[in-house]
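Chain IDs A, B, C, D and E follow the sequence of writing; residue 1 opens each chain.
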Amino acid sequence: MTSGGWVYVTYTVAALGALALYLALPRGRASHRTAGFVFGVASMAGLLTVLRYGLGDPAASNLYFLILSFLTVGGAVRVVTHPKPVYSALYFVMVVLATAALAVLAGAEFLAAALVIVYAGAILVTYVFVIMLAQQSESAAGALTYDTTAREPGWSVVAGFVLVATLAGVILERPWPAAEGEAGVAASNALSIGREVLTRYAVSLELAGVLLLVAMIGALAIARKPVPTDEVPPPDETAPPGETGRRVRPF
Amino acid sequence: MTGDVTQLAVWILLAPLMGSILIGMIGLRGLRDRAHWLAILGVAAALVAAVMLFNDLRAIPNAERAAAFEKSHVVYDWFRADAPTGGRGWFPVEFRIDSLTSVMLLTVLSVSLLVIVYSVGYMRDHHGQGERGYERFFAFLALFVFSMCALVLAGNFLLLYLGWELVGLCSYLLIGFYYQKPSAAAAAKKAFLVNRVGDFGFGLGILLIYWRCGDLSYTYVFSDAGRAALDGYETIVALLLFCGAVGKSAQLPLHVWLPDAMEGPTPVSALIHAATMVTAGVYMVARCGAIFTASPTAMAVVAIIGGATALFAATIALTQFDMKRILAYSTISQLGYMFLGLGVHAPASAIFHLFTHAYFKALLFLGAGSVMHAMAGEIDIRRFGGLARGLKITAATFWIGGLALAGFPLFSGFWSKDEIIHAALNHAPILGGLALLTALLTAFYTFRMIFLAFHGPQRLPPGVEHAHESVAWMTVPLLLLSIGAIGAGGVAMASGDFNIHAWLGPVVAPHGEWSGAESHAGGEDLTLMIVSGALSIVGTIAAWYVYRRRPAIATVVPILLPGPHQLLYQKYYVDELYDALIVSPLRRLGRFCFGMDRYVINTLLWLITAVPRSIGFMLKETMQVGAIQGYAMGMAVGVLLIVWVVLAGS
Amino acid sequence: MPSRNWRETDIVVVDQPELTLSERLYLPQIFGGMRTTLRHMFSKAMRDRTVVQYPEQKRPMRIENYRGVHRLNRDEQGRVACVACFMCETACPAHCIHIEGAPSPWPDREKYPIQFDIDELRCIYCGMCEEACPVDAIELTPEFRLVGQSREEMIFDKEKLLMVFDQTRHLKPRKNPPITGYAG
Amino acid sequence: MTAMVQDILGSQLGLSLCFIAVSILVILTAVAYCIYFERKIAAWTQDRYGPNRVGPLGLLQPVADGIKFILKEDFVPGRVDRVLFHVAPMVAFIVAMIGFVVLPFGGRIRWPWMEEGTELLLQGASIDIGLLYLLAVGSMAVYGVVLGGWSSNNKYAFYGAMRAAAQMLSYEIPMGLALLTVILATGALRLESIVDAQVAHAWNLLLHPVAFLMLLTTALAETNRAPFDLAEAEQELVGGYHTEYTSMKFALFYLGEYAHIITASGLLATVFLGGWEPVPFTRLLAGTTWGGWLHWIASSTSPLAGLVRLGVFGGKIAFFVFVFMWVRWSLPRFRFDQLMRLAWKGLVPVGMGMLAVQGWLLYRGTPVHWSAPVAEVLLLVIAGAVNVASGREITGRQASLLRAASVRGEVGGTPAR
Amino acid sequence: MPYAVPFMMLGAVLFGIGLVGFLTRRNLIIMFLCTEVMFQGVLLNLIAMGLRHGNLQGQGFGLFVLVVAAVEAGLGLAIVVLLYRRRGTLDAESWRTMRG
């Protein structure tokens, strides 16, 4: 098939996927779920086909790549559609792990390790932490309405579809020039990454550090619960006397 | 050997800096009343390193000195820039380590160490608790020592400028130490702004050097090639550089900040407004001898401004009553001497005077601080007197400092001042005469102060029961400094490397730029020595006569001569003059600009913005619904548009 | 709505001890503690001295004051000593004693128990029954190894309680011989 | 047949697969016996004998435990999140197990039938970023705990999970810093390279004692072991995150903890104790008789030497497992604010200082043989001195409360600085 | 340049899914999660571009994406916690009054 033909296949797949996403988004009742699932399977198959055959990249026939693509996209869809926030977060962990594996496939081992350590190991734990703090595993009122109803799913899906279709069209139709330098795979290890980051991007690295510092201080300043210094409640008159702030010896 | 010296220089810089940073980090929480230890440790380490540096330099054989001293010690590649002409366009952190540097380092660090030790006693209340901001004070002092050492060690003009501005900053911080006091805050601001005037010229001079030479390192600029590149520009460059020196060293007409700077704590006055920072200008001119000597005009300007300032400040000092203010004017006057020395081709003598002056002026200031401590902050010499009975050590050391300042024979000031006067008489007799007159006045006002404060019947300001001597933290530095005040003149007579002329010779006159200087060695004109010694004695006796024997004269003179006295007492109305000529017009201009900005330009802007604002208002009412997703949708549409235009369109 | 469920009265200011450098570093102290445990770990003598291999070895114990399984005492003639006065049942805080009385066949008392059940699983072994009994018929033995495979068999009836007396008679003789003669 | 076996064992993939298969069995057994040793060591520390009834010396106790775990009722409480409740123990166990694959167990060997010069690695997988892999796997361990605690719908379990999450996140940072120090010094992320570097120079324990202590501390915290077992503090939280678990699911948590300990011990042995090298400085001992043997063990490629190296490495792991247990029965548990303060105000600054010092030494090109340990110990002492100088230890929250009360004039003391 | 184009396609798909999620979900935390999904798309794209150009700049920038994600998570979650404390709900709609 020609490249032009694949473009229309890709648009069809994107439309199918958009439809599936529209149907699968939570909207308070489960009636469309099955249809969404069917369309989703179809569009996923289409996507994998496009990835495998449509891009003229023989290396994409690698089975690992296809499996990981499936996990990544499927996980991302579940992140978006799952009505329970904790599951969303856990599916996102899956997305991150699959992305890390994809990075390994692309020869970016260091980035993969960093992705797992920082994203899955720290950022997402924080997400899970906050979600869990906010919502118990099974609240008495059942699932919360704002988790089970999507907001303007139609327009959003259309926007997403147009974006993906545009990008896909550009990716397919562009005559991508051949690679300029050496194949990056051979050189991509921790050492060369470190050399790159610490020499060419040294200033960016410093800036990233400053950014992290500022964010840390900012987060502390925002989230810290202030102790009311000047409006402390009046002391409880009924409390037993003699206990007020007494000093004791340690041992 | 050079590596060794470079390392020592790095330590000299790092030790006080580390002290300062550490105090800043843990001072408030951990150290508080112990904060001084880090400062003392840092500066003492730097002093030890400076002594070792001096020894290392002495180890260089005489024949190799000129070459070794011209070397620049690069420690760090700072940054590069395109040079406008020739030159390397390279700005490393580099040091110039030679005999001049070592003399300056020893002076700065030894005086600083003593002043910091003194401050330990001074900055406490009667219960031995540190004042508010105690640790801040020591952090600033250590930072100042770092800045001054950076200035002295600098191997190119960029670093010199860095140190120059850093000492200015420290001076601002320290003058404004009692920032709750409006007068202190104003004085700090004034010092900073007046210095800016001078520094502006200084910066222009450096830029001019860069423009001509394409390089700022001393090694290049002072070399034959560098001087050739500056050919035709020496006068303007030298005058611009001197402009900076005038600001920093408080010469006419930018002297106004220094007397006000006495608002800072007294150790600050002693350290940076008497002994070290204000000498930066002298050091800089001596360092840039290659440029200055190329221009006779510039040399004449230096000499004239120096001589005029010396006399001018001395006359003001005659009438003041505030002890620290008298000392401040005396400092200005002595700095004038140094510039006079530089201007009449006697740089070694100028540096020599700088060296001796550092000790006796620090001594005098610290003594004044001790008096102030005993008098509960009172410093007006009309309010107290006869303190010699209560403050024995302070009075004795103050006497020593006074004698040195007055140029009493055999005290350190005598030797150095004498050399300058000698050179001035040889070079420009009029200036020499002025200098002699100033010497007489110096002796007079010094002993006027001493007699009024320490002798006669004991009088104490209200609220002070009895004058008590200060703690050992304060008296020991006084005693040590008085040794310096007596003995520092000895370097003029010492032999070998310890003779200041022999030691500085290869640096200040390597190519014979300072012609006339090398012929002059200390105190060889016996007649002049006798004359100047006699003048100082006459001044002393006159002071004794007027203020002890016939105090009536002192009260009668202002009444008999109200005009001149008022002129002097009001410091020649310089501040008022500046106020009328510069400050008020500027303020009026500012007010006018502010009005323009506020009413004319703002109206215009308001009109221009009215259109988008009304569009925005309509959008706000219609599109802004308060849901983040709505905005995100807008962003998404925008991204889509960009993708379409950029990617699909091409 | 910040929660304010603390009061200032909740605050206790502990004057913290001044720690030396080695104490602030923690490590010397930690190593000290670990040394102690290591010493114990490798001293078999200490272990052998302190451990009692229970079923095989037993520690001597004071039997007079241990409160274990109940028994119903017999008098000299081998009859049950109980007079079915219900004092123990009344005193029992756990309500584990159940007595049914009947007119006594013997002349020296009016009543005797035809049924006397104690639920050993319910009992809290407080000894109140022992205190309450006027004729010292019910007593707690030092026997603590009490096992069973069902709830039912842990309800001890009169025969079983008497059997316990027979088995423990040598361990703990009946304290007070009955005050005889009150019934003639 | 023989040729096929030779082929399989002679290829790296085949050898690795066989090795993994064998080591899974060995490690599962070892994990079960860890519980036995834990009980033994607890007993010895407390002057008792420990399990000694089932089998000789109680050696069959793990079997009995296993049977008991399997036979117990598998109870699922009401209103739990069923999926996560079942997944959590598996996550905990799997994550704890997959770290083993990169540990360098036995160095390089060459079978007699192989060509000269070809060598095989006696380990599961040798990857370029082995240390980062271990860190990444370790950072995933928190999910098992957190999911288990949250899905139980029990407030004690939930508290335990939250504590564990905060604790493991916090201690990952000093752990990374301590490892980075070693990485910086050795210049390798591959675990075999780190071992090789130690064989060539000296054990990192001698070169970086403070980094070792720090890694040991953080390893204790990462494995949720005493004195950092806040997540299962019995006195406060009943059983912590696994309060609601029973039977085999509980056993998985339990075994996962010990598997985690073994992984951490392997990491410690690899990075600091010279991996499979029997004693330090074997290269210097090559001349003497006994030293020659030791050198042969450390450097030979014969399969026999490889086997001995496996034993040596196993012995080192066993030693560290012992240390873990020893610490558990020696030190009391931290309070939560103390735990956090130790990480953020103690270990992280010291670790950063260590990293900076190490970087400086490398930059200066100073020989690290004595300077690194001296610098690190000095750093530790300075940190302690700063700690002493900084006054009383009152955490932010306490200080605010105290200040609030002091403003009202109800506490006599001055507000904490 | 193996994989480069498929990676870009995958990145675009992830970005689109994340965008849809951000626009439709109402739970503040899930909205943040969706931005992280978009980050993953960008990350894949960076890796692909690095592959295409045969250098490591893509991976280097990937590390900076990580930094930004960490910063975003830290600050965003802090704000979410604060909002949750105020209203007791994570519904983004409950903050509709925040308009000029």
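Here, a contact is a pair of C-beta atoms (placed from the backbone, for glycine too) under 8 Å apart; a residue touches a chain by one contact, two chains touch by 3 or more.
All values derive from a computational prediction rather than experimental measurement.
Path length between chain A and chain B in the chain contact graph, taken as the least number of steps between touching chains: 1.
Path length between chain B and chain E in the chain contact graph, taken as the least number of steps between touching chains: 1. A count of C-beta contacts for the chain pairs A-D and A-E puts A-E on top. Here the chain at the heart of the shown protein, by mean C-alpha position, is D. Distance from chain E peaks, on a Cα-centroid basis, for C.
Centre-to-centre, using mean CA coordinates, chain A is 63 Å away from chain C.
Mean C-alpha positions place chain A and chain E at a centre distance of 6 Å. One finds 33 Å separating the Cα centroids of chain D and chain E.
A straight line joining the Cα centres of chain C and chain D is 46 Å long.
Within chain A, residues 110, 114, 122, 126, 133, 151-152, 155-156, 159-160, 163, 167, 225-226, 228, 232, 235, 244-245, 247 each touch two or more of the remaining chains. Residue positions 401, 404-405, 408, 410-413 of chain D each touch two or more of the other chains.
Residue positions of chain C touching 2 or more other chains: 2, 8, 11, 13, 16. For chain C in complex with chain D, the residues that touch the partner chain are 6, 8, 11, 13, 16, 19-22, 24-25, 27, 30, 33-34, 36-38, 40-43, 46-47, 50-51, 53. Note for the complex: chain E touches chain A at residues 1-10, 12-21, 23-27, 29-30, 32-34, 36-37, 40, 43-44, 47-48, 50-60, 62-64, 66-71, 73-75, 77-82, 84-85, 89-93. Put simply, chain E touches chain B in their complex at residues 19, 22-24, 26, 31, 92-93, 95-100.
Chain contact summary for the complex, chain A toward chain B: residues 151-152, 155-156, 159-160, 162-163, 166-167, 169-170, 174.
Chain A meets chain D in the complex at residues 86, 90, 93, 109-110, 113-114, 116-117, 120-122, 125-126, 128-129, 132-133, 136-138, 189-190, 226-230, 232, 235, 244-245, 247.
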